[in-house]
Structure formats: structure tokens, C-alpha cells
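One chain, chain A, links the two complexes that follow: it is found with chain B in the first and with chain C in the second.
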Partner chain A sequence: MPILTPRIVRLLSTVWLLGAVASFPLPGEAANIVALKGADVDVYDEALDGFKSVTSRAQVSEYDMEGDLQRGKRFLARLKSGPKPDLILAIGIWALQVVVEEIRDIPVVFAMVLNPSTVIGQEARNITGASMNVPIEQQIALLKKASPQARRIGVIYDPSKTGFLIKQAERIAPDQGVRLLPKAIASPKDSFAALDAMQGEIDALWILPDVTVLAPESVQYMLLFSFRNRIPLLGLSENQARMGALFGLSFGSGRDIGIQAGEIANEILSGRHAEEIPFTTARRLKLTVNLKTAGKLGLQIPKEILDRADVVIR
Partner chain B sequence: MVLGRARRFRTKVLLSIVPMILALCVLFGGMSLYQHNQLLRREFVKRGKALASDLAASGELGVFSEDERLLNSSLRGITGEEDVAYVFMYTDAGRRLVSGGRGLTGPGSKTIAEAIGEEIRARILADRQPVMTALSSAGGESFLEFYAPIVSADVRLVEEQFFGMPTPGRGPGDDRTRVIGIARVGLSLRNIDADSSYLIKLWAILSVVFLAVGTVAAYALSRRITQPITRLTESAARMAEGQLDQTIPVTSHDEIGTLAETYNEMAKALKRTLNEREQVAGELRDLNQSLEDRIRERTSQLRELYRLGVSMQEPLPLSDRLSLILKGVHEVIGLDRIIVWLPDQEDLSFDMAAAPGFDP
Partner chain C sequence: MNSRLRAAAGLLLILWVGWFAGPADAGDLKDTIKNLYGSQGIRVEPSPFFPVETRFQASSLQGLDQLNSQLTSAIVVPSFNSSVTGFTFDIERGVPVRTTESLGTLLTERATTLGARKLDVTFTYTRVKFTKLQGKDLDDLELVFRRNDANEGCDPSSPLLLARCDIIKANLKVDLTEDIFALIATYGLTAEWDVGFVVPVTHIRLIAKAHAAIFDQFGNPGGTKLGDIPIHRFGPNSTQPDASGGGDETGLGDIVLRTKYNFLRHYDDLIPDMAFLVELKLPTGDEERLLGTGGTNLTGLLVASRTYARWFTPHVNLGYEIDTKDTRQNAIRYALGFDARLLPELTLAAGIIGRAKPDGSGTGDHIVDLSLGVKWNPIKSLILRTNVQIPLDKNSGLRADFIPTVGIEYIF
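Up next is the complex of A and B:
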């Protein structure tokens, strides 16, 4: 039996971490950063790597809460009772959730979080970070480029989840020469009727990162809707593009988001206040184009888009 | 009479073969019928389960949205299927969303309960496994009912669209899928029953045909066996009556043929023996005859001699006497001619006293 079982390794790393936390950093010394990973996910590790690659001067200690919120809370409680780190990196939604609840006086940078504003309340002034969200203008621009005659973009959303995105989109849309047709729904079931109501009213359909909209049945129905009405569908991910959405536009990679978070951390460590730094959206994007769908929709995808695409499904 | 007939070989053969054929027919026919029925039923059950599961899968969108159009379109494929009598879809609470199928418009439709049984619903919600029940309606038509859960996956996090998130396996609330509805498919057993009764009929007809053919074959076989034996018997009977020149035609090289051959040999040998005996008897008879003739001859000779003796005593001249004697001698001894000369006392000459056999 190996002596270093994962449990022992975790225990040792926790002990080491607490020891590291106990030594209060003096000015000029390397900053202490505690990285709290929400779960053991490869992309989170990539993000952490990216983060470390730009915060090489800081000492980063990791903790994995393994998807268990209680475990994360216990860890943060221990952290608060000891010497405070200079910064906390929260990787993933679960890590951000517990940090939002527990930490008020330590600057927090998050990474790999979607729609962070729905997790972070207005009163939290110590939190900023790099979200996984794709800039809305880029999404609309992509749709516009693919089918220039598109004027009306339909979108289904749950106001409590992605209302803020719709507000942003409605601001941006006129600049791009399109009109947004948002349909608010309260439960996944409503998306069918909402879509049916859009029939003939829209030139393109846009899927938001909204958990109410993303029930598998709703996604299926949106794909069906796209095929039946021969309108392009902008999906969230490569997965959705593979399922039949014309495009899938997502963040480039976990490492990119980690680097963005690291840059924000560097700014905070150099004296800027977290409150002054807005959440960022993904800087580098991953575009998947499904040419099979394009063929079925009778769309000619411009070469410019194909050149830019990271994945082309033929 | 019946008993006498029952003792006949042919009857014995028939009596032993026909029940055997009958038993074989019943056993094999019954066995294959049973197996066929079992197989058919198994396949039917499989098909029903598959149909219910198919419906559960295709009805997911409709049940999720409770949209009538989607619900109806998910029914379209299945209600056209053969044997599908009726189809229902319910929400997880047991509320009926849609129904269809031929059985709902037919005469026995009133007996089909529109609501889902509470027990079945609870069972499906707990096990999430397809359930099968059998029921028969008042119209005499039987149905097999299949229930399948309509399962939908919950999305907890948008992140799952991008990368796999681990499932913290804690508590029942963490199950990612949930039953959003129940699909119910009723398959009519009418076709299967018709198929079974057709098979039973076919089996009965085949049995009768087989039995008839078997009986005829057994009869022919026993005839083939008994006919040479009958011929042998008849031949033996004729031989017993004395007609020894009987041969039985040998038509086969089997045991019966060998028996006939042996029989012919035996008849031949018997005839030879009888012939020999006949010959010996003839010879004996001839011998007897010659003996008798000799005795008769001697007796007549003796009788002559006696008569001669008697005649000697009569007072006759010598020459007559001599003639008589010589005549007797002549007759007894069988000489052709005898001459007796007697010396004459007077002139010393010989006189011929008698000469039987010479004509004077």
C-alpha cells in the first residue's frame, strides 16, 4: 500500500498550507495567494496553471474543495482564524459561492465562472475576476457576419439568471444593426411556447448561458426550431455545435481565463482595489462552425469566419 | 371374434404402432406449440418494452413542454404499429397528457382505464424501470400493458455545457435525472391468440394426417411381413394334405425369404425320402408276388402227385397207369415228352408203354 495516499497528500498539503498562511507577509516579501478550486476538473487546473504563469512572484497554495460546499466553508473558516493571505483565487462557481459567503475583508479574484454577477451581490466590494462569458458584441457580430441580412435575433432567457446579459445586449444590438427579440421565461417548460411564439419573427436564434434555458429538451427544441425555420443558431459551446447548432462560441481555454485572472491579481497585489477592476469576459475565444448545419440551412459561411474558426465540423 | 382378430399379427403391429404415433404427435406437437408460444410471448414482451421505451424517449420533448402538438407527433409513429391497441402519456403526477390508438375507438374501449394505476405510478417513480402488466377486457380481448418512465436530465450548472463537472454524490436530491412522465402502451394479444389457434389447428390436421399415413404404413409393413408367412402356412397346409410338389416363391432375401427357402428344401427332402420308400415297397411287393407264385406252383404239383397216387389205386391196365403217372410227372416236373418202354416177358423186346407228350 502506497504511503502517500491521496487523502494523506491532501492532509499534508492542508497542513503545509496552514503553515504558509500563518506566516504574515511583510512588504517586499512574496505575496501569499490561496487558490481555492471548486472541484477536481482539468480545466480548473489549466486555469490555475495560467494564473501561476503570470503571478510568478507570488506564492500560490492550492486547496481543492472537491465540489463540496461544506468542505470549502470549513476550509475558509480555518483560513480566517489564522493569518490572512494577500489574495484568494476562487476557481469555479462553487469556490466563488463559498468565498462570497465567507470572505469580506480579503481581496478575491475568481476565474472560470459564468455570469459572476448572479453569484456576487452588489455589496461585495472585495471580489472581481475573469469570467468565462463570451463578449456579447462578438456573438452578435458573428451572427451578423454569417448572415448579413439578419435583422432580428431571438433569445430566450430567465430574467433572474441572465437578465443582465439581455440588458447589455439590448444596448449593443442597435450598434450592430440588429434588433433583439428577447422572450422571458420562468421555467424550462416555457421555452417551447416562447420559441413557438418567435416563429417567423426572427432571423437568428441565440442561446444564452442560462440554466433555465439549457434543459436538454429545450436545447433539442431550439435545434429543431433552427432546422425547421432555417435560421442560424448560435450555441454556447463546441458541444452544441456538434449537436447541430451552426456556431459554438465559447472561451478559448482554461489557461487563458487563468492568465486573465492572474493579470487582475497582479493589479490588486500592486495596490489597486478590487472594486475598481471590472469583471472581464473571455479575451480569447473558441469558435466551432458546423458546416453540415450550414448546408442544411442553405447558408454560405464567409471565408473570414472559417479562417477564424478553431473547429470546423464538415 | 374380436379377440381372435386381436391375436393376429397385423393387429398386434397396428395396436402397438398407432398409439406410438399418436403419442409422438401429441408430445412433439404439444412441445413445439408450447415452445412457439413461449418464444412468441417473450418476443412480444420484448417488443412491448421496446415500444414503451421508444415512446418514453420520443415523448420526452412533449411531456417536458406539455405541448399538445409535440405530444401528438410523438404518438404518431407508435399508434400505427401493428398490435398497438392504445397509448397514453402521463405526467409524473399521473395526469393524462395524451392518448391514442385503435383500441380507444373500438367496441371494447370502455374497459380500458384512462387513468394510470397509483401502484404502478409509484413503482415506476421509485424504480425507473419499465413495468409490464397483463389484463383482459370484457370484450374477451387480452392486452399486455407496458409502462416506461420518461426521464429527463436536470441541468444544474451552465458549466456542464463546457466541461464535465463532478457530481457530489450526496443525498437523493443530487440525482441528475428525474422521471417527468410515464408512457403506457397497450398491446393487443389478438394476433398472438389468432396465431396460436392457427397453429393448434395446423397441428391437429397434421397429427391426423400423420396418424393416417402412419397407420397405412404400419398396415402395409405388417402385410409385407405376414403375407409370406400366410403363403407358407397355406403351402404347409397343402403339403399336409399330401401335395408334396409345393414350392413357395422366394421373393426376398430376409429372414422370411430364408424361411421360405428352407421350407422348399425341406419339402424337396421330404419328397425324396418318400420316393425312396415307395421304391423299396415296390421291390418288396414284387418279391412277395414271386414267392406266392412259387408256393402256388408247388401246391399244384403236390395236388397232381396226390391225384396220381389216388389214380394208382384204381384197377387199370399198366399202360394206362403209366400214362397217368407220366402225365402227372409231366405236369409236375414240366417235361415236354416222356417215353416209357417196358420189356416184354415173352420176346424180350421193349414195348412202348406210354408216351405222353407225343401225339399218337
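Up next is the complex of A and C:
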């Protein structure tokens, strides 16, 4: 007599179904979400506001790590010993770091994280979220619009930090009619030689969100390189545009990122698995254009770009 | 957790205000000096030569009749708490950066604000022992009393008429101390906009002792005499030459409401951060008990500051204070100073603080103080603060040798 009789199979299926249903909040039942903030910064609060605005039916309780990883770990240890929440929102890179180490069996959505794949390993199947990264296509497209004759975009990067971004960019660049000229560096001091080697070889320069590249002296040297060679420099922020980069392109606001994370959370609470949902990049962007730099580089910035710019430095 | 702490802090604030806001027995500490010898002045012993009741009135109280405004001018309200102990966000690297620029100022203002949805609650204790009035020692003041009919002139041909110019000098010792417990709360409505209040609870002690003596117009003791017999003298039927008065009062002082808007921040490398501050002082302190001025004051202050090398922040404040009760007390307020992070958890603050009354009454029309202090951040959101206010010009107004303040501050 087979062990799995149709009756037993039906019984097991029913138990599994009930278990699965029980593991998700029922319609009308408020989901229990724990929001872990890496530190008390305004932009994280904005992200949390955005998140709450689209998960209004959920009960969101907040915890601030105050920049202390050990404090975050202790909190998660307490969390694991009690009733489990339906979802954890990790706001910021520090919150994500502790959650990656400590949480395996609760869905996690992150927000306000740059280069999340450097923190999240391949084995983490319970984590997805909304990164702050700016879509690469939009960055390359912006450089092309400002300088249509640009064919070669130079970029320096640390393979251990932003190698994945270079791979993505190398796939995308040909579609936009440009070629990427990446120079790998291992430490900030390598950036000077890497830039010198690009002299006369590139038509535009692109700064990546890479901590090895972002040493103040390296950024200064890139600005100098841009002016000396009269090529546009795409920076990461309004601050870099004010320093002299032609453009600064960053995420639009913490609230927008929070809304994106909230939408992902809603999908998970509706039954989708975190591993089925890819990380998102910033949907809304903040563009700063430095027209003083454009003048020095002899570039005419198209009206289309100026119209969409959030900040124009004249 | 944070919201619970904030709620608890809010409850404490309400209790604090409620505890001291109740009605108190009306006293009259304000007129202690004026009424030291009675409200009718000094009455001398009736004389067989001059049987008419003779009274002497104080010709000048040397500013002691303006104690309320003098007390207020002498003590600077602690600054809006703009302690920077948290994090800012590095967009390029995508990480929070612990801000260790400074723990902020103590008595002067800088342009930066607390940050959105942050609550800063501070308790301070200030002790003031006043020692000088217009440069004169408070324990060696002299009040001069003149006869009611002195303005009719002195006729040297008749001792009785000459005696009109006799004066009574009272050596006055004033012990005036003030203990101020202040609850200061600041809340960041947005990243650029703070609102807050200061609720002071004041204990004031004013004891005045005087000894009066009669002199003639040339300063000879005993006054004008007819033969060897003085025309004016103290006796069993006169006001007694030794008098004392005063007492203690404790109660709610003048509550200050304020708001600061940081309208310019990180504009470029040259232009400093700028803010505008509006301060409203309400007449919640009992004027008669020397706990308040009895008037509403409105102050507008422009604040400029800039941080250099992430540790040194000079600042300038300039504004005008309107006293709706007595326009002579309207004052230009200014301050120039800096705060400097000496260690990540220790900040030194120093500044010159001035208050000039263009149409002042002559007492304390321009006072200038030096403020020196430190803030220490032993653990995350807790700051201990101490400072001393040192009058630079003791010849103007009611002054203490120094005014120490200690406080504890917590950011929720």
C-alpha cells in the first residue's frame, strides 16, 4: 500500500496551503514591518516616510542603530528571539550589512543603499530593495546629449568595488554609440597615473560611486583633467557639479527611494518571493548642470537638458 | 523607542510649566529699595524750631528703580541648541558621516539648525550674584534724600531756611542674587526650521540694608544747626536711620518662544550659512516680584556662520529687540564668536555679546559680556555644558563679577 494515498496528499497539501497562507498577512490584517535605520539622518527619515506612504496598511516599527553595527546586531538578536515580523526594511548600508549577516528567514527590503551587490552575497535569497544607484543608461545618455561627438568615455574604478558597474556599462555603451575606456585601480594614489594614461584617449570622463576613486585628491585631479583636456565630466552630486564637474547626477530624493522600497515590500507581502524581485535603481533623478563649466569647455548645453535640470549653476 | 522618549520629554515639559505657572502670592520685591524708608520717604524728628513735619525724599535711586529691566539685560538667554552630534549623509559614497564639526554654541547663535524631527531638551542652572551697579559696589551704594521743599531754595540768612538744603545720605548695602533654572526645548520642524522655547524658573533674593545720616549742603555731619542744636535729627518719633527690607521670591520667569530658519546653507565657498531668528519674550514672570519685566519683547536676529576645516565655526549675530512696554529698553543686540571642536567630544565656545539701547535711560545702556564655555559629549546624545559670562564693562548697568551656568542637554 503506497504511503502517499490521495487522501494523505490532499491532507498534506491542505496543511502546506494553510501554513503558506498563515505565513503571509491575511487581507485586512496589518503586516508587521520592522524598519531598521542605520543612523539618524534626514534622508533616511525621508525614505521611511516614502515607504510608509505606500505601505499604509502595514504596522511599521522603527529602530535606529545610531551608526553602531553592534547595536544593530543586538537588536536583530532580540528580534529573532521574539515573534518574527513579516518583513524587515533596512535603511542604509549599515542596516543592510547587519541584516545580511543576521537574517536568513525573514524577507528584507533595503532602501538608500549604494552598490548593494557589494554587500549582499549570492546566497542571500531573502533580500531585495531599492538602491540609490543612478541607471547607467541615463548617465551615458546624458553625456552623449551634451557632447554628441563623444565616442570614448573614460572611467577609473576599483574592480573590487564597482567592477559590476563596469560590466553593466560595457554592455550598455555600444547601444549608445560609445566605447568605455575603463582603467582599474587598487588604491586612490593609482588614480593619477590612470588618468594620465587617458590623456588624449577619451572624449568624456565619468565618476563612479566608488570609494577608492572618491578620494578628495582624485576628484580634484579629475576636475583638473576635465578642464585641461576640455572634456565633460559627469559627477555624482550637486556638490561635484559646484566643484566644477559639468553635470552632477544623483538620486532624486530619499522619499522617492523609500516609495520604491515600499512598492517592493507590497509585492512581497502579496506573496512574491524577494529573490524574484530584482534590485531597483533610482527612478527619479536630480540633475545639476554647471553652465560656467560648459562655457569653459566650449559646450552648448541643449535646452532639453536645461529644462530637466533641477539645479543650474550659472 | 525614540517616540516614547519624545513623549516622555513632552510630558515633563508640560509638568514643568504647569508646576510653576500657578498663581503666587503677590509680593513687592520690585520696590524694596524705593520703599526702604517707607513709601512717604524719611521723616525726621519734629523740632521745637521747626514744628512742621519734615520729610526727605530720595532724589535718585540710581537705577535701582529699574531693577526688572536691569536684571533681564544682565543675563543672556542660552542659545538655540544647534548641537551637531548626529550624522550627515554623503551622497557620493552613500553613507552617513558622523558629524564632528562642533557641539555648537552656548549663548550666541549660529546658522545651522537641529535637523528635521529632532528634539533637543536642555536644563540649565545659572547663578548670578550681582556686585556692581553702574560701576559702584552694591554693598556700598549711597542714596541721597532731599527735603520736599528743597527746590524752594536755601537762604543762608536764616538757619531754618538754609536747612532746606540739608540732605540725608543713606549708605546702602544690597545683596541681590538670582538662581535661574531653565528648561529649553528645541524641535526641528524641517531640516532648516527650528522652533523652541525657554521656560525659566527663577529664585531671586534681594536684601537691602541702609543706614542714614543727616548732612548739611556742604557735607558736614549733623546738618544745619541752630547753635549746637541740629535742626534735623532722628529720634523716637522719626523714621529710624537703620532700615532693611527685601526677601526671596520663586516663580515662573518670562517665557521665551523662538524660531530659527536657516535660509542659506552650503551656498558656496565664500558666503556663510545664514539664518533668521525671531524671539518672543512673554510677560509671564510677575513684575512686582522681580520675576519678569512685565512687557512683551520681540527680537529679530540675523545669524551668519561658517565652518572651516570641519572644526572651527565663527559666527556673527546682529538684530534688534523691541520692548513693547518701554521703548527706552529697545536694544540693538550683537554677538561675535566662535565654537571650535578641540576633541571629537569636546567643543570650546567663546563670544562677545553686546546689547546697546539707543534711547536708553542712562543705566545699563550698553553692556558687553565675554562668554566662555565648553560642551562635552560623553555618550551619544547627551551633552554636558558649562559656561561663564564675564561682564567686560562693569560701569554699565547691574553687573555680576561673572555668571556661571551649567546644563545638561539630550537630543531625542
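Here is the rule we go by: the second predicted complex is superposed on the first by the 286 of 314 C-alpha atoms of A that agree within 3 Å, B and C clash if a C-alpha of one lies under 4 Å from a C-alpha of the other, contacts with A are read in each partner's own complex, and residues count from 1 in each chain.
Quick note on the criterion: a contact is a pair of C-beta atoms (placed from the backbone, for glycine too) under 8 Å apart; a residue touches a chain by one contact, two chains touch by 3 or more.
Since the structure is predicted, the reported quantities are computational estimates derived from the model, not experimental observations.
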Clash or fit (per the criteria above) of chain B with chain C on chain A: clash
Between chain B (first) and chain C (second), which does A:Asp45 come into contact with in this model arrangement: first, second, both, or neither? second
Look at A:Leu114 in the shared chain and tell me whether it touches chain B only, chain C only, both, or neither; answer first, second, both or neither. both
In the superposed arrangement, which partner chain does A:Asp64 touch: chain B (first), chain C (second), both, or neither? second
On the A-aligned overlay, A:Ala77 touches which partner chain: chain B = first, chain C = second, or both, or neither? neither
If you stack the two complexes on chain A, which partner ends up touching A:Gln240: first (chain B), second (chain C), both, or neither? both
Per the contact definition in the header, classify A:Ala215: touching chain B only (first), chain C only (second), both, or neither. first
On the A-aligned overlay, A:Phe192 touches which partner chain: chain B = first, chain C = second, or both, or neither? first
Steric overlap of chain C with chain B in the superposed model, located at which of 38-46, 56-64, 92-100 or 200-208: 92-100
Share the list of chain A residues that count as touching for chain B in one structure and for chain C in the other. 39-43, 66-67, 92-93, 112, 114-115, 132, 209, 211, 214, 236-237, 239-240, 250-251
Chain B residues touching chain A - in the complex, by the definition given at the top: 60-61, 64-67, 70, 152-159, 161-168, 170
Which residues of chain A touch chain C once you look at their complex with the stated criterion? 38-45, 62-64, 66-67, 92-94, 112-115, 132, 209, 211, 214, 236-237, 239-240, 242, 250-251
Note which residues of chain C are touching chain A in the complex, please. 1-3, 86-89, 91-96, 98, 115-118, 191, 268, 380
Once bound in the complex, which stretches of chain A touch chain B? 39-43, 66-68, 92-93, 112, 114-115, 132, 188-189, 191-193, 196, 209-211, 214-218, 220-221, 236-237, 239-240, 250-251
